[in-house]
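Presented sequentially are two complexes of subunit A, the first with subunit B as partner and the second with subunit C.
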Partner chain A sequence: MTAQLLSANHGAALAATLAARANRDGRGFCSGVYPITPSTECMEYLCQQQIEKGRVIRVESEHSAMGVCIGAASAGARTFTATSSNGLAYMYENCIAAACLRLPVVLAVANRTLGPPWNIWADHSDALTLRDHGLIQFYCADNQELFDTVLCAFRLAEDRRVMMPVMVNMEGFILSHTVAQTEIPDQSQVDAFLPLTDIPHRLDRTPHTLGQIEVPHQTEMHRWQHHNAMLAVPAIYGEIQDRFADIFGRRPDDPVVPYRAEDADTLIVSLGTIGSTAERAAEMMRARGDRVGALRVRLFRPLPADAIRAAFAGKKRIAVIDRDIGLGIGGVLWSELRHLADPATVMQNYVAGLGGGDIRPEHMMKMLADLEARDGGGAPAMMEAV
Partner chain B sequence: MGYRHPSESSLARSDGLVLPLEVRVHGRGGQGGVTCAKLIAALYTQMGLHVQTFGDYGSERSGAPVQAYTRVDRTPIRNRNKIYRPDHLIVLDEGLIGAQVLQGIGPGTVLLLNTHAGLEAYRGRFEQYRLGVVDATAIAREQGIGSSSVVIINTTILGAYARLLGLPLAVLEQAYVSLGLGGDFPAAQHAYEQVRIAEPLQRIAPSAQPAALGEPAPVAALTDHDKDVPPTLKTGTWSNQIPVYGDHSAPCNLACPAGNDVVGFVQALRGGNVEEAAAILLRTQPLPSVCGRVCPAPCMQNCNRSAFDGAVNIRGLERWIGDHAELSLPSRRDAALHVAIVGGGPAGLSAAYQLALRGHDVTIYEAGPALGGVLRNGIPSFRLPQPALERDIDRIRSLGVHIRCNARLGGDDLRNLRRGHDAVIVCVGFGPAVDLAANGHDLTGIRQGLDFLAAAKQERVALPGDVVVVGGGNTAIDCARTALRCGAATVTIAYRRARQDMPAIAEEIEEAEREGVRFLFHRLPVAFTGSAKVSTAVLAEVEAGSPDASGRRRPVVTGRTSSMPCDAVLLALGQKSGLDLLPDGWTMKDGRAHEGGQALPVWFAGDCATGEGTVTHAVGNGRLAALAVLEGRAMAAAPADGTRVAPGQIRFSHFDLAAPNGDRQHLPSRLAGNFDEVNLGLADPGEAERCFSCGHCTRCDTCLVSCPDGVIYRTEDGYRVDGEYCKGCGMCAAECPRSAMEMQEKHEVTP
Partner chain C sequence: MREPALDGMVQTVLDRPEPLFRKGNTNCGGCGMSSTLQMLGHAVAERRVQLVIPAACAAVAGGTFPQSTFGVPTLMTTFAAAAAAASGMASVAALNDEDMRVIVLAGDGGTFDIGFASLSAAAERNEDILFICYDNEIYGNTGGQRSSATPAGAVTTNTPDGKVEQKKDILAVLAAHRIPYAASVSLAHADDTLRKLRFALDQKGFRFLHVLSPCPTGWKSEPALGLELVRLAVRSGLFPIYEIFDGKRYVVNIEPDFSDQALDMYLSLQRRFQKSGLTAADLRPAIERYWQNLRALSGRIVPARRDA
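== the complex of A and B ==
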């Protein structure tokens, strides 16, 4: 294990490389890649790696990049790709295909808002469009977490009980381009952590088809199976956390990450790096005598509703900060969490940091002042992070 | 997540660094600011500290203000916000210094500026900060760090930063080596040594606080946000350099002894306009059909395209123009001077041409029966057919030049000419041929090559048997090839040096070889034997000694000899310089005659003055003499070497590979008696398409297309850059395929 100065983009690619090499005695590794800001550095780094029994194929579009991954996974290989923003939108059809075909593709997304008008900076609106189609979604807050989560994603995606794509999200630039020391495990550790990829329905010696036409009853059953596999993910992820801790000596964070939440009257709830800012805001509020805590939703799909409901229990006020907006309803995170709090809790949605605005603790303290003045939750509010 | 803390080095502990530390770097897209912040992070990593570094990327890309940040602490860093209250502020571009850059800095902040102004320029401005200034741009430029359009200073300024931190130079060097930046360390060391530091003037009160940051926007219902950000942004205010269009010297132009605007005529020809090309070429070149055949073409040896896919066949294009243009020059006689030209060779013809073009009254006095000198008497017609020569001479004659042939001057004739004219230009060429001081050199069958060539041009000369030619210049090659045409059974060239030392044109050597001429290198005849008529040449081996002034190795004749039977020997050892027609009391100085310390209106040009020995040099020198006459001064030196466009300044990637169009060759099946021209030149002028037009804008629009902001516009005579919006990114200059533009510091550009 050595510490390297790496950007999160490079960290994701290095984790994928180590995972790829770990499958060298199995059916190898194959990745289709296409560049788009801010995820480009990830695919560039991947292209530079020497991978035994592995190929990185540069294609002409994100749609084809995922197409390569689908083909490779259908043949039983380990697969990975990375994209952002409208690139993910262009990949959308094949993301759903990968999910419905139950192929364990790992997809790193450097989150960026959608255009036009064009804006290259971060918000979560790209990834959240894919929340309902059978891809597991993690949102990360720092370089090490991102690296570790990519490794976990391979194990989780390829678990026979799960067998579906995993998206690992990092906010564009804010995390994707931030360079920090990252602990990089040895190949032997990764080899021990990741079993050889074994996709039971891969196209092999026994002739069969994948994704042929089906009748309504079959679709109902497939969706139900997929949904139930999703619901099993938190428990399976728990096993993976244990295994990871055994091998690497550190335990990846839980699906929901609380910060001084237990004794808090007020919670700030968010996705991604906003969570670490919320922790700083909580400290500042506590210095003033207000019992504020934070809750970061790390696993968004499947939504760990039980864990969130438990964390919400008894809180007086909850501010849900969304770096996204579901047009016509409000923050996506908020719209999913609003029914998980006690009826007496004042829950308010704050939409902030769209298109890359830098949400600082000062912004959060203003939101909390606004929340304090409310008798009940209202329509989503917005704050310009300027 | 658990994170193993790196052990801190004693350095970080002893240095009094206050942690956590926040560093903010301001630069422009393309300057390396983000990398600068990463380097700073890496430097602190070397001290065993935790770091986090990131850039604040702009959508404006190159040239736009860019910020980058580095945080340093003893524990892993969770803060993901930008840095609003930096402890250290580094400004890579002084043009950026303003309220926005200085925002959030408090008393005692370390402020490092890259500036060409000294510390004094900032007196009174930053007194509560710890200020360092360094001209990192100058240092990095001197060290050659960066691209053709932008100097990259990040590795340089890090040296100054290390000095501000109080790091020992050795620690910095170690960091550079471990980062793989050892090559940039000398620049960093310069910056380390040259940074000037001013300590804060006042003691900082413990309560001193930076100015408050702006209040965050209010929280509002989504429907309340209906105000847009004003978009007007004069990005030109960001720039500190601007693109400047301007011609740079193409290597062909600089190399041409005649002073031809090679790029000019080739580009005109490229546009399909042979008459316009001729107009450009004929400004300096009265003998295009001649030089297009016999010039050694230093332009081609220097052509930047030779570093890509082969030099442009410039000589072939010149010949094309000479042979095909029908341009008639205006004959005028409206200027005042009466000038006598002594000698009708290339220098004399060139001088006469330049003066007659300008309307002066010119008379050429030629010793022989016709104009041309060596062109008529020396160069064989299979290289220079008579019609080609006549074509060029007719053009000169058509300007109204008076010609007196069979006018061999001597004694006091120059004095008389001088009295009868406003000026005299003497262009009589070289003196007599050099003889070979070898035993038996007066045997029959041994003769001067020049005499042989002259005879062969006038009549059928028979030269049967085995012929030895002594020498390595063009005369030797011409003699050898002419000998084959005069019936020689074998022809052998004996040369005292190596093949690569031969002064002859390389293609001529190859053609001679193709025709069957044999070469004996490192050989010099030391004796000839035979009864009355030469029958054997005794050749001594010659060794290469130490290099002489020309860089060639001095020949050292050894005692080892061999005999070679021969029936004839042609000597081509060069010609003596020296004037035998200077009247008593006259001296030549700087190409001009003097008497009793007094300059006379008599100039000298061509081989009699310079001994440069090629037709093209003579043409150039004759023109300079004509200009000297017009200005009544000494001969000017050839123009100095301007800013030469080097191959590295040509963007080869903008050009498609295209093999040179060679001259068409006519290989006679039987040489004896056949004096037909061997080289038939180009089939068409398409070769001009291959010209890169080094240093000269061709309106190719690459700059316009490359501009990320679309602020370059076409004008009637080129392009205009909108200074209000040009942010000085340098992409246009970097992309220019032919180095016809460059970035200049705004403060160095005169408006």
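== the complex of A and C ==
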């Protein structure tokens, strides 16, 4: 274990590199990559690594980047790629194909606003659009968490009970370009943590076809199997947390990360780095005598509904902050969580920081003042209008 | 023109323990892709191969889960990603020192149009892939719309008055990538088909085969006349049969007789040309221009052989 100063982008690439090398006695590693701001540094870093029994293919588009991963995983290799925003949008079709083919691709996403009009800054809308297609989604708040989550993602994706792609999200620039001290494990530790990639349905010698035509009842059963495999993820992730703690001496965060939530009357709920700011805001509110806590949804797919419901129980007020907007309904996180709170709880959605705008503790305190004045949850509000 | 001798080239039980393209597939009668696959199975013989197939008639030909028409491991990809997925598969095979041929089987849509970006990129990277385009000059799977491989004058379901634009010269485009091997293939000449398939299977790097693939459904032609139509297209000079090595050495394989009789027969046997009333005289100038260029490229001023 060594400590290195790394950006989150480089951290994701280094985690992928260690995972790639850990499969040198298996079928190897193959990745397709294509640059896009702000995830570019991730693929650049990966392209600079020497990977025994590995190949990184510099393709002509994100669509092909995921296409390469699909082909490589079909042949039994470990795979990884990274993208952002319109790159992810261009990749959507193959992300869905990888999921439906149940291929364990790990995808690091530096979340960015979709355009045009072009905007390179952070926004969760790019990844949230893929929420319903069988990809596991994590949202991370700091460099170490991102590094650890990428390692966990390989183990989770390749677990036979799971066998599906995992997206690890970091907000563009806010996290992707933040350089922080990151604990980097030794290769031998990663080797111990990650079993060799073993994809049971990979193409080998048996003449079977991956991804051929299905009739309705077959598609229905495959979707249902996939759904149930998703539902089993929190329990399997728990096993992975234990294993990770045994080997690396630190435990990755739970699917839902509470901060002084237990005795709080009011909760600030969010994804990604907004959660760190919410913790700071909670401290500031507590200094004024208000019992405020924070809840960060780290695992968004599958949605850990039970854990969230338990954390929501008995709360007077909940502010859900979305750095995204489902146009025509409101914040995506809010629309997913609104039914998980007690009927008596006042839950209000604040759409904030779209297109990369800052969300600072003072903004959150303004939202909480607005929330305090409400008798019931209303239509989603824009932070700037509060 | 001499009839192609099949001498032992047809599928036999000695070929492969498993045919590459099994019975019970759902292809239309007279489909050129079926013939291509029969010949491919014969050429592959005992070699270890994997297929990559984008959305296409070939994807439907695979049949429904869990049965498969393909007698080799096969990956169905999204429409535009076949060459990319094949790059990944071939790379992993190479990393594991497997003697594997990864073969893409794509229609003209997956080659000339939607699949072109990933095809061009894989060719530029010189990936170790054999890319076979069965070109039926139409989007067959969606019911027969124009593609950039559709010849001018052909009626399709979205060009009801006949397509105006010329067919894209895909071999010229691939030659510009300077890949080790590119060739057009005549299904009507079994020796030509088989030789090129075998040769391409055993080359390294990016290999591209362009097969004119009769489509009775889209061409509005008699299913039994598919190979005859290919023969007429080759004989008249409309579909030149040649090879390009490393993007620079051109070899013409079959010398046409350039007869208007063959060309007129080719046109009249397909109802897709009826509306535009295309005749041999309309096509002849373009064919002559093409062949002048081809002769210059191949360095053969004098025709090679007349009777291949």
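Basically, the second predicted complex is superposed on the first by the 383 of 386 C-alpha atoms of A that agree within 3 Å, B and C clash if a C-alpha of one lies under 4 Å from a C-alpha of the other, contacts with A are read in each partner's own complex, and residues count from 1 in each chain.
In this text, contacts are C-beta pairs under 8 Å (C-beta built on N, C-alpha and C of every residue); 3 or more make two chains touch, one makes a residue touch a chain.
No experiment lies behind these values; they were computed from the predicted model shown.
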item	value
Subunit B versus subunit C as contact partner of A:H363, first or second or both or neither	first
Subunit B versus subunit C as contact partner of A:S276, first or second or both or neither	first
Contacts of A:Q218 with subunit B and subunit C, given as first, second, both or neither	second
Contacts of A:H177 with subunit B and subunit C, given as first, second, both or neither	first
Which of subunit B and subunit C A:K53 touches, first, second, both or neither	second
Touched partner set for A:S74, first subunit B, second subunit C, both or neither	second
First, second, both or neither for A:V351, with subunit B first and subunit C second	first
Subunit C-facing residues of subunit A, complex	27-28, 30, 32, 53-55, 57-61, 63-77, 79, 93-94, 97, 203-215, 218
Complex contact set, residues of subunit C against subunit A	18, 48, 50, 52, 59-60, 62-66, 68, 70-78, 80-96, 117-118, 120-121, 124-125
Residue numbers on subunit A that touch subunit B, as the complex places them	1, 3, 5, 38, 118-121, 141-142, 144-145, 148, 173-175, 177-181, 183, 249-253, 273, 276-277, 279-280, 325, 330, 350-351, 358-363, 366-367, 370, 378-386
Touching residues on subunit B, where the partner in the complex is subunit A	1-4, 6, 38, 41-42, 45, 50-57, 59, 76-82, 84, 213-214, 216-222, 224-225
